[in-house]
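What follows is a pair of complexes built around chain A, which joins chain B in one and chain C in the other.
After this line comes the complex of A and B, so read on.
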């Protein structure tokens, strides 16, 4: 009876993701781009909820909508943008870029829209338990390596941005 | 899940394409970083969709997503640091203007 809800939510999320994602690329003001990016991330979190992956959705909101958007906004703040004409908006090699983009677009469209899998999934329950089992048992060593990677990235970012004290 | 898997894959592919176009076409380094994040998110969506569809109990695809979160956080932190230090050397974030390494 309520079978129309999931396709309707999917359609709304799809429209929001595609429109906001195109807005990130096409927006003239960079702050608009950053906020549209955060909106895209929120809608992808909605997609994860629709897929039944609530834990991943929560991580998405925490890491992407929270941390990465704030980092990007700080980057926007520290690099003041001069207002420029729309002609100076794209890079100078934009024709080469278009030459590469168009084959990628055709390939992606072929792959994505020829994918047929109409099987419907039954409710599998939440994803927290299988995720935690996998991460902390089977992937314990990659988990530790990831923590070392985060530490290295943090130290590297500080070293790169630090001014010389001379 | 009343929505078929192919629909999620199609959305993921479209978002990945938008990110690719942003990386190749825009000239602002910060916008290029944002487009890379869009591509990573599209990959995450595809991985979670496949994981929900095909993995039996242990959700291996979602584990990849967790590691992609970690790598994306590291990538955006180091990337913004590089952009800021390049901005300090030469006050621009246009990738057309940043060419100190060009011989």
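After this line comes the complex of A and C, so read on.
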């Protein structure tokens, strides 16, 4: 009886993601773009919830909305606001963008359609345990490599922005 | 045909339950804010040797109602050079995540909006979303002081999220679940988590003070430095929504503390009559709300560099040490929590005793440097 809810939610989320994503590129002001990006991330989190991956949805919001968007806004606020139309600025790169986006889009579509007939998702009951076992047991080494890489990047960033003390 | 609770069709019951829950939570937040403003005025007055609100109603009880009606009746002012949509949207962006986090608060056995299996993560996630609204409020106001307030808030909240989450993870390690109901059920009787993990409680409480922008961490709205920070350009009901959100956040942080460390609804007679758990939960939560007010009335505001160095040089190393020690001891002694408790109490004692010593040494070094410079 309630089967229509999931496709309906999926449709709403898809429309919101695509529309907000387009808005990020087309908006004239960078703050609008940043906020629309946060909105896109929120909707993607909703998508993860629909897929039964609540933990990933939570981390999506925690990191992308709570931290990365805020850092982008933080950067924007220190930049002087000019009346220049950012939308036009982005649109000068549209041929290059098309060149890169089209092959990626085809690849993603192919991958997505290859999953169509595969088995349905795992049992309900959350993705916390599978996520934890895969990150901390099965793929512990790649995970550590990634974290060391991130740490190195962070140290590098701190060294770059550190003022010389006399 | 399936029949849900109270003989209502489940198709109707599901949205009906949502509506009832949202109305209950909105009522809870609004009335909680009214009560907390009254309590805050009275308690600050008692601490400062004054009487506080006295004339409106018995013991001044109606003062906050009068203020609320005044705020509702105020004209909705928006300065011409503000950024219209951002300015209008910011209060809602701050308010709605706070409202949404009431979903997973376990008030009593069976009285919870939804028993998410990632409930605690959900709450921290929503807590981290408020900063977006504050930053936007500061930017959209088109005012230097507001912008400073928003920037301070961003720096402060992102920094204090780290010790906050590390403290929560320590508890999750011990309890073994992220569900708020599961955490509440894991502490029957006197087996409160605060006896096992007192240091995590203290660090979380400090980080929670910063996360809710309460004194001594109220730098984003520091009235003596920044007029009113990100609130400067707001008035009337929009301003009130920011305050509702702040008091709601205080309640949320207090209820996280109650659930994680003080056994949520557990208390006498809960097994006989589960509804009394709401009373115990409310009493425990409001105790911590009162501690928030007590701290506000007694501690001076920190400077921004002190705020940052407290977070990055004290709290984060401390919580990381705590996490590593707890995890190691849990692996070494899987059957008992006593070693974890001992280690935690020792760390807490070290924290409390060493902090004044380190501060004094830093002061001496600072004076020395000033003397050589002069």
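Remarks
Convention: the second predicted complex is superposed on the first by the 122 of 166 C-alpha atoms of A that agree within 3 Å, B and C clash if a C-alpha of one lies under 4 Å from a C-alpha of the other, contacts with A are read in each partner's own complex, and residues count from 1 in each chain.
The working rule: a residue touches a chain if its C-beta (ideal position, glycine included) is under 8 Å from a C-beta of that chain, and two chains touch if they have at least 3 such contacts.
Since we're looking at a predicted model, the values are computed, not measured.
In the superposed pair of complexes, A:105 makes contact with chain B only, with no contact to chain C.
With both structures placed on the common chain, the touch criterion links A:77 to chain C but leaves chain B unconnected.
By the touch criterion defined above, A:35 lies against chain C but remains apart from chain B after alignment on the C-alpha atoms of chain A. Using the contact criterion defined above for the overlaid structures, shared-chain residue A:65 touches chain C, although it does not reach chain B.
Contacts of A:16 after superposition on the shared chain: neither chain B nor chain C is touched. By the touch criterion defined above, A:150 lies against chain B but remains apart from chain C after alignment on the C-alpha atoms of chain A.
Judged by the number of chain A residues each one touches, B leads among chain B and chain C. When the two structures are aligned on the shared chain, A:54 is found in touch with chain C, with no touch to chain B.
When the two complexes are laid over each other on chain A, chain A has residues 55, 59, 67, 71, 74, 76 in contact with both chain B and chain C. Residue ranges of chain A in contact with chain B, taken from their complex: 3, 6-7, 10, 14, 17-18, 21-22, 24-25, 30, 33-34, 37, 40-41, 44, 47-48, 50-53, 55-56, 59-60, 63-64, 67-68, 71-72, 74-76, 78-79, 81, 88-92, 94, 97-98, 100-101, 104-105, 108-109, 111-113, 115-121, 124, 127, 130-131, 133-135, 138-139, 142, 146, 149-150, 152-154, 156-158, 160-161. Contact residues of chain A toward chain C in the complex are 1-2, 31, 35, 38, 54-55, 58-59, 61-62, 65-67, 69-71, 73-74, 76-77, 125-126, 128.
Note for the complex: chain C touches chain A at residues 11, 14, 83, 86, 116-118, 121-122, 124-126, 128-129, 131-132, 135-136, 138-139, 147, 150-151, 154-155, 157-158, 161, 178.
Interface of chain B with chain A (complex): residues 1-22, 24-31, 33-35, 37-38, 41, 44-45, 48-49, 51-53, 57-60, 62-63, 65-67, 69-78, 80-85, 87, 93-96.
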